[in-house]
Amino acid sequence: MARIITMRNALSEAFRQVMEEDPTVIMMGEDIAGGQGAPGEADAWGGDLGITKGLLGRFGPDRVLDTPISETAYIGAAVGAATAGLRPIAELMFVDFMGVCFDPLLNQAAKFRYMFGGKTRTPLVVRTQYGAGVGAGAQHSQSLYSLFAHIPGLKCVIPSTAYDAKGLMIASVRDDDPVVFFEHKAMYDTVRDDVPERAYAVPLGEANVVTEGDDVTIVAVGRMVHFAHEAVRKCAAEGIGCELIDPRTISPLDEDTILESVERTGRLVVVDEGYPRCGFAADIAALAAEKCFHALKAPILKVTPPHTPIPFAPNLEELWLPSPARIAEAVRRVME
Amino acid sequence: MARIITMRNALSEAFRQVMEEDPTVIMMGEDIAGGQGAPGEADAWGGDLGITKGLLGRFGPDRVLDTPISETAYIGAAVGAATAGLRPIAELMFVDFMGVCFDPLLNQAAKFRYMFGGKTRTPLVVRTQYGAGVGAGAQHSQSLYSLFAHIPGLKCVIPSTAYDAKGLMIASVRDDDPVVFFEHKAMYDTVRDDVPERAYAVPLGEANVVTEGDDVTIVAVGRMVHFAHEAVRKCAAEGIGCELIDPRTISPLDEDTILESVERTGRLVVVDEGYPRCGFAADIAALAAEKCFHALKAPILKVTPPHTPIPFAPNLEELWLPSPARIAEAVRRVME
Amino acid sequence: MQLNRDELLKAYRLMRGIRVFEERVHDEFEAGRIPGFVHLYAGQEASAVGVCMHLGDDDYIGSTHRGHGHCIAKGCDIEGMMLELFAKQGGLCDGKGGSMHIADFDKGMMGANSIVGAAVPLALGAALAAKTLKRGTVAVPFCGDGGSNQGGVLESLNLASVWKLPVVFAFENNGYAETTAASWAVAGGDIVNRAAAFGMPGVQVDGFDFFAVHAAAGAAIARAREGGGPTLLEIKLGRFYGHHEGDSQTYRAAGEADRLRAEHDCLTLFRRRVVEAALLDADDLDAADRAVAEEVEAAVAVARAAAPPDAAALSTNVYVSY
Amino acid sequence: MQLNRDELLKAYRLMRGIRVFEERVHDEFEAGRIPGFVHLYAGQEASAVGVCMHLGDDDYIGSTHRGHGHCIAKGCDIEGMMLELFAKQGGLCDGKGGSMHIADFDKGMMGANSIVGAAVPLALGAALAAKTLKRGTVAVPFCGDGGSNQGGVLESLNLASVWKLPVVFAFENNGYAETTAASWAVAGGDIVNRAAAFGMPGVQVDGFDFFAVHAAAGAAIARAREGGGPTLLEIKLGRFYGHHEGDSQTYRAAGEADRLRAEHDCLTLFRRRVVEAALLDADDLDAADRAVAEEVEAAVAVARAAAPPDAAALSTNVYVSY
C-alpha cells in the first residue's frame, strides 16, 4: 500500500533511522535543535525549516549538536570527526554559505584519502539547502552544486523525490566518502510520493529513468526534474517521446545510462538550475559530444538560467528560472 | 626592436605602471613586501616569489600593504575599498586558499552591481598563483579558475604570454568590475616574449589566435597554450593544420572567435589543466556542441587531468598533467 | 556631547521612523505583499540612531540581514526602501536586492547582507579607503552577537588593529542568534571581552538608552576620525519581533518580548527623559509621530501601487558593460 | 610531573631525532633529491616533544606545513617519513602527500597541512569524537603565530569552549609568519591574551625549555582529559632555518639565527640540565645521538634507493571504491 509523504518527512525519517542503526552518526548545525542557552523551549526550531525537529529529544545533546555561527570550525570539526570514528551529518543552512567554509571540503575532506595514500576514510555528509523560487535573493538562492562536483574526492547528491531523498540520504550516511547532499528549499513540502517505512538505500551513482522515450533525451536534477517532467507531458501530447533521466548523484555520475539513452535518441537537452558557465549542464553536454557524437542528430541544448545573479523581484526570479515552457521549446527545437 | 622579458618582469612592470598612472591603485597581500615589524630588511620578499619586490620602496606603505594571514578580512576589505574609491589589487598567494575566503568574491563582489540595481562599481583585481608541475602537492597545485568562471559577476583572466600578462593586468586594474587574475607558478621565469615598455591594455574578452589552421581547432589557456603549441608543431609536421585559440579571459568568453574557427575546421580539442568535471573544457565543448553542431565532423575531445587530486610524487604529477603528446594524440583522433 | 533641540528631534524622528517602518512592514508581510525573508529591527532603534547620528554621508556603515534600521538611521529614503522591500521599480536597488540586500552607497550604506558577518570586512575596506585617501571619514560595521563568532569578523578585529583603521565595530547583542542564546554561543562572556584580545578598547553600553549609545559611539567615532584606531562597541539590546517574520519564538521565556516592550522600549525611555528634562515638549514628539506615520503610510501606498521591474532588468548590471 | 630516566631519554631521543632528521632533509633538499616545498622544524623540538610526551596513539594531533617535528614526536616512523619526503613508494602516504601533507592516522597524526590553520578545526573533530564516544582521549592542534590570525582558528577557540571539548591549542609562536613579525601581525600583544576572550585559560611558556613545555602541556592535557575543557598554550620559540628551504631570511636581524643556535638550543639546554642534575649521563646522551644519527642515515639510504610510486597509483584512492 502506498505511503505518500513529503520530502520533509522522508528526510526526517532517514535521519531517525540512520541515527538508530548506527550510534556513531551525529548531527550538527546552527539551530538544528534550537534554543541552546535560551530560557524557552529546547528543540525550538529543529533547523530553520523544522526538518531536524525531534532529533534532540530522541538522541540527546551528545548526538545532536547546535553550533555557533562558525561554519569553518564546525564543518572542519565534522571532517576531523569523520576521520576519527564518527559519521557526522553537518548542516550548512544554505549552500550559498559555502563561501565562508569551503576549505574543509575543498582541501581537506576531498583530498584526504588520495593525499594520505589511502590510509584514511572520511564518512561525512554535509547537507544543505539550495535553489531559487522563494524570493530569497542573490545570496540565498543559488544552486552551487557544480562547484562541488568539480572537486575530485567529493560526492554530490541531489534528490528529486521523497523516495530518493530518503534512500540517498541513508546511502550517503553509510558511505565512507564525503558527500554533499543538496535539498531544494522549495521541495520539502511540495514534493510527495510513495516512501517505504523501512530503512533502504538508493545507491550513489545510479541514475533514475523517470520517463522512457525514443526521440529526445532530457537530463535534469533536483527541482528541474519536475519542471522537465511537465515539459515531457506537454511534448508527449505533441507526439514527441522524451526519455527523462535524473542522475540523482552528479558525482559520481552514471554516464552509462545517459550515453545509452542518447545513443538511442540522438538528441539531448540538459536542464540545470545552476549558472550556465562551467556547470553541470555543460558537463553533460560535453560528455555526450565526446562519447556519443556519432549518434547525435541535433545540437545539444542547455536550458539554464541566464548567466546573472538571482534577482529578488519575483517576476524577475521567475524569468530567471528555467521553466517547463522553455524546456519544451528546447525539445521542439532539437526535433526540427 | 624586440624587448624579450619574462612574465615575472612583465607583471612587475604592469604593477609599477598602473600604480603610477592612478593613485587610487593599492596592493595588499601576505608578505607582498615582507618584513613587517621584523628587525631586518623591509621589502624582504616582495611576495613569496618576488613578483612585487620594489613596490613598497616606490609607493610606500600606504599603497603597498602587507597583511596578517586573514584572507577573508583583507580580501573582504579589498572588495569594500573598491566600492569606496580605491582600485585594490589583492594577492591570494595560491588559488587553493580560496577555500578560506570565497565569500567576499562569491556573494559580495560578484553580486553587488546586480543586487544593488547597478548603483555601485567594484573595480578589484584578485591575483593568484595556480597550477601544477612543481611538486607542491594537492593543496598548492590546483587550477580552480572554473569555480570563479561559474559565478556571474566575476571576470576571470588567464594569460599565457608575458605580453598578455602585462596587457591583461593593466586592463584588469582599469576595469570597473571584479577580476580574478590567474598566474601559473611555473611560468614566471620560463615564459619570455616581446613586451613593449609603455603601458598598454589587452582587452578582456578577446581571444588570441596563436596559430592558424584549417583542420582542427584547439582551445587552451595559461600553461596549456604552450603544451598545445608544442602539439600543434608536431601535428604540423604530420600535415595536420591546427588553429590554436587562447581565450585569455574565460569570463567573459570570446565565443565568436572559437565558434568561427570550429565552423571552419569542424573539429575541436579543448585542453585544460583544471579538473575535468564541470570545468572549462566541458564549458567550451558544450558551447560548440550547441552553437556549431552542424559543422562538427568528429567528437569533441577534452584533454584534461584525470578526475583526481594532484599527487605529490613528480612522476605521478607528470602523468596527471595533460602533455603535448596527449594533446597531439587527441588531434590525431579527431582527424581519423 | 550635548545634543541641541534639533538634534534631539532628529534622533527621535529617526528612531520613530524605524519603529513605524518595521511595524508596517510586519503587517504588509503578513498580508503577503512583501516577498522573501524579512528580519525586523524594532526594539533596537537606539543603536542604529545613536551610532549614525555621528556619521555623515561620506562615512560608511556595513549592515546585516536586519538592516532596515541601519538604512533609515543612515539617511536612506523611506519610500525607496519600501519600494525595494515590495520588489518594485524605483526601489533603492530597483527591486533586485530586497530586504536582505538593501543598499544606498550615496548615503554610505554599504548594504544589508544576508551572509552573517560579511559586511564587517567590507566596512574595513571603506575605512582603508578613508585612510589611504586621507578623507577623515570613518566606517562602522554593524554585526550581531551571532556574527561575533564568524571567522571573518574575528579576523577583521585583528586586521583593523594591525592597519590602525578608522573603524568602530558596533556589535548589537540582542541576546539571540536565531534561537540560540548569546550567553551560550559567545564564549568568554560578553563580546566586549574580545576587544583587548585584538588590541583595541572595548566599551559596553545599554542599547535601550539612546543617550548611552550616542555618548559611547561619539567617543569611539571621534577617536577613529582622529587616527586613534579601532574601538569595539558592544550594544546590549533586544528585538521585539522574532528572528524573522514567521518565527514562533518558543525559545524565549514567556512574556519576554512583552516585557521588552513594556520596560525597555528605547522610544518610551527617550520620550520620558527628554520630557522630564524639558529638552523637548510632548507636543513636538507627538507631531513627529504623526509626521513619521504619514511618511511611512505614503511610502506603503506608493510601494503597493508601483510596477515590478521590467523584464529587461533581468540581464542588466551583471557587469558595468551589461 | 617528575620524569624518570627512560622518559628523559625518550624525550631527548625524539628531540634529537627531529633535529637530525631536519638537518639531513636540509642537505638532501639542497642536493635536489627532495621535490616540492619543505619547511624545517629545527629549533622548535622542545615544543612538539614536550607536548606529545603526554599523548598516546589514541590521542590526536593536528599539524601545520612545518609538520616533521610533530610527526616524529607523535611516533611516526622515520623511514616512512623520509620515503614520503622523497616521494617514494612505501612512504607514509605512498608518495602522494609529501612534506606538506604527511600523515599517520594510526599514530593519531592527522596530517601536516599546507592550508594555514586548517588543522585546528580538524583536531576539534577528533576531540568531539573522543567526547561523544567517551574515549577519554584528547586532541592537540598545533598552529603558528601566523595561523592565530586565521578566522577558522579563532572560530575554533570559541567552538571548543562552547562544546567543552578535550582540546589543547598549542600555538607555536616562533616570531614570524614567513617574513612577517608576530609582534606586528598579532594584535593585542601575545596570542595567550586571546584565551580569556574565548573563555579558556591561557598559559605562555618558554618553548626552548623542554621542561617548561612539558609541565604546562601536561597540566592542560590532564585537565582536558578529565573533562575540564580547552586550554590555550602559547609556546614561544624560534626556528633555526628560514621559513621554507630557499628563504634568504633578510627580514631577520644580523646573526639572529646564529644566536638562537648558540643560546637557545633546546637540545643544549636539555643536556645541560639533565647532566647537571645528574638525571642522565653524558654517555647516555651521546649514545642516543649516535643511534639517532644512524637511524636517520639509514632512512635516507632507503629513501634514495626506493622506487617512485607505480603509475597505477595516479588513479587509486580518490574514493574508497577506487
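Chains: A, B, C and D, in written order; residue numbering restarts at 1 for each.
The definition used in the following text is that contacts are C-beta pairs under 8 Å (C-beta built on N, C-alpha and C of every residue); 3 or more make two chains touch, one makes a residue touch a chain.
Note that the coordinates shown come from a computational prediction; the quantities given were computed from them, not determined experimentally.
Novice: Suppose chain centres are the mean of their C-alpha atoms. Which chain sits farthest from chain B?
Specialist: Result for the farthest chain: C.
Novice: Take the average of all CA coordinates in chain B, do the same for chain C, and state the distance between these two points in whole angstrom.
Specialist: 40
Novice: Express in whole angstrom the distance between the two chain centres, defined as the mean CA positions of chain B and chain D.
Specialist: 36
Novice: Centroid from C-alpha atoms only, then distance chain C to chain D, rounded to Å. What do you get?
Specialist: 45
Novice: In chain A, which residues are in touch with two or more of the other chains?
Specialist: Touching at least two other chains: 68, 70, 72-73, 96-97, 99-100, 103-104, 107, 111, 114-115, 137-139, 152-153, 307-309, 311-312.
Novice: Would you give the residues of chain C that are in contact with at least 2 other chains, written as numbers and ranges?
Specialist: 93, 95-97, 101, 113, 115, 118, 149-152, 155, 158-159, 162, 184-186, 318
Novice: Take each protein chain as a node, join two nodes whenever their chains touch, and name the resulting shape: line, ring, star, complete or other.
Specialist: Looks like everything touches everything, fully connected.
Novice: Inside the complex, what are the residues of chain A that reach chain B?
Specialist: The touching residues are 72, 96-100, 102-107, 110-111, 114-115, 137-139, 144, 146-147, 149-153, 251, 253, 274-275, 277-283, 285-291, 293-294, 296, 298-302, 307-309, 311-312.
Novice: For the complex, which residues does chain D have touching chain B?
Specialist: 35-37, 87-88, 93, 95-98, 100-101, 113-118, 146-147, 149-152, 176-186, 248-254, 256, 308-309, 311, 313-315, 318
Novice: Show which residues of chain B lie in contact with chain D when the two form their complex.
Specialist: Within the complex, chain B touches chain D at residues 30-31, 34-41, 44-45, 48, 66, 68-70, 72-73, 96-97, 99-100, 134-140, 306-309, 311-316, 319-320.
Novice: Name, in rising order, each residue of chain D that touches chain C in their complex.
Specialist: 149-155, 157-159, 161-162, 184-189, 193-194, 196-200
Novice: Where on chain A does chain D make contact in their complex?
Specialist: 24, 26, 62-63, 65, 67-68, 70, 72-86, 88, 103-104, 107-108, 111-121, 152-153, 155, 175-177, 252
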